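In this document, chain identifiers A, B, C and D correspond to the written order of the chains, with residue numbering beginning at 1 in each.
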């Protein structure tokens, strides 16, 4: 993992965005947004980003599986809050791709994620190369 | 419960609204929004509604506890979807209040909830009368 | 709903049980188990009960959809806690069935649910009669 | 992070265990246990481990905040399943501690987590040294 760059904390670096409202159910007993809610935010950002690039859905001959998630918790988040999730690409391999994401409240970066994903053939569930069309779409959202 | 009116399925009946995006995590293995996600939507609507009426928060000398939840599932909801939750009041008792809520996609009613709540004194955790100011605010959102 | 009997609060009435550990994530900002966690407990009890009766699964030509959920919150539940969920049958219709469930900590009833379900043909997604074999299995778990 | 050892995938390395049942709600639309459910499992293991060491709770003058979570997804997990979560210590700093955890089904390692935590003074919310008693308790569960 040493070669994986960190997801940027500067909102100017992201070109794809998803807006979210924090829900009351995202809070935990400590009164702030629970660490697992960020996993849910990043998953939503990841799915929306890949759908936007025509890379995700039941009609695709591939699946995109999460192999590793690295989340840094940089600030507390409270209720209520409107947040936005920036998404982009940190690294493109042959059968893998690493997405970077960040949750912002205003311009304050609350949390970042590096998500190492693997493309699997929908039939065999074995790793399969990232198709050229998806590769081109992902490249236009490089964060590095 | 026989006397509790049903939450309306007509969006014209609601005066308080919360907007939400369905998250990927709201889906279940059957490919639609899980029944428990609606509980989360209604909880969010309930908290926002009561906060709007200055009836909910850590500074209040009362708590509002959910005693009974009746949810009707009227249609399937899929991903992605923007929804809105309408909230209002079905019944006002001495120490209890019954809220009505409905989840809409466009004007289609997906689900309704009747939520029987009880006011508890924040110190003793015993039932306590709905204060006059909150009673007045709630009355202006009657659904019946 | 007036004819639907309530789910019993007496553990002696249930013959099917599921054991669960409350998770830290089941808590909410008020420090007790959140109301939506009970929906998750009852869903788990419902699925396990129907699987036990050979009535649920991807190999079945029917789906069982939740049409109405009535949950009564009878006591607070805190962390940590071992709970058990009792499940049985409150009513059997032609294409519908109403399950009753209760969450217990020891012998104390924390919450009950009446769950009105509808059998749907897996192909057409239209209501379909409860098959005789499932009907017989359900009848042996009647709560009334 | 380069210096943080990985959480072991060998169950023989763990001395503290928590048992869990996968819930139907842990599944996602792809039919397996969702990646965020593992965050919930590890949180539960972490809380139980720290409670066992008398290091976590409302009576403590410190909080333990999660600063970084690294989760590796090593195999798919399906429903139903009984799992167990092994927990131990990867690194002890002055004001920080890194816990290692792993989810097993039987002896098969499904997922591992490295959780970098920081001790905060419950009053000031500033980093505070790990107390000697907790340090000693943690040391007896070293994974490295």
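Simple rule for what comes next: a contact is a pair of C-beta atoms (placed from the backbone, for glycine too) under 8 Å apart; a residue touches a chain by one contact, two chains touch by 3 or more.
Note that the structure is a prediction, hence the values are computed from the model and not measured.
S.K.: Check A-C against A-B and say which one is joined by more contacting C-beta pairs.
M.R.: Between the two chain pairs, A-B has more contacting C-beta pairs.
S.K.: Hey, which chain ends up farthest from subunit D, C-alpha centres compared?
M.R.: B
S.K.: Report, in whole Å, the distance between the mean C-alpha point of subunit A and the mean C-alpha point of subunit B.
M.R.: From the centre of subunit A to the centre of subunit B is 31 Å.
S.K.: Centroid of subunit A to centroid of subunit C, CA atoms only: how many Å?
M.R.: Computed from C-alpha means, the inter-chain centre distance equals 35 Å.
S.K.: Could you say which residues in subunit C touch two or more other chains, in rising order?
M.R.: Residues 24-25, 36, 40, 43.
S.K.: Help me check something: in the complex, which residues belonging to subunit C touch subunit B?
M.R.: Touching subunit B: residues 1-2, 30, 35-36, 39-40, 43, 63, 65-73 of subunit C.
S.K.: Once bound in the complex, which stretches of subunit A touch subunit B?
M.R.: 18-21, 23-25, 40, 43-44, 47-48, 51, 80
S.K.: Which of the residues in subunit A come into contact with subunit C in the complex?
M.R.: Against subunit C, the touching part of subunit A is residues 24-25, 27-29, 31, 34, 36, 79.
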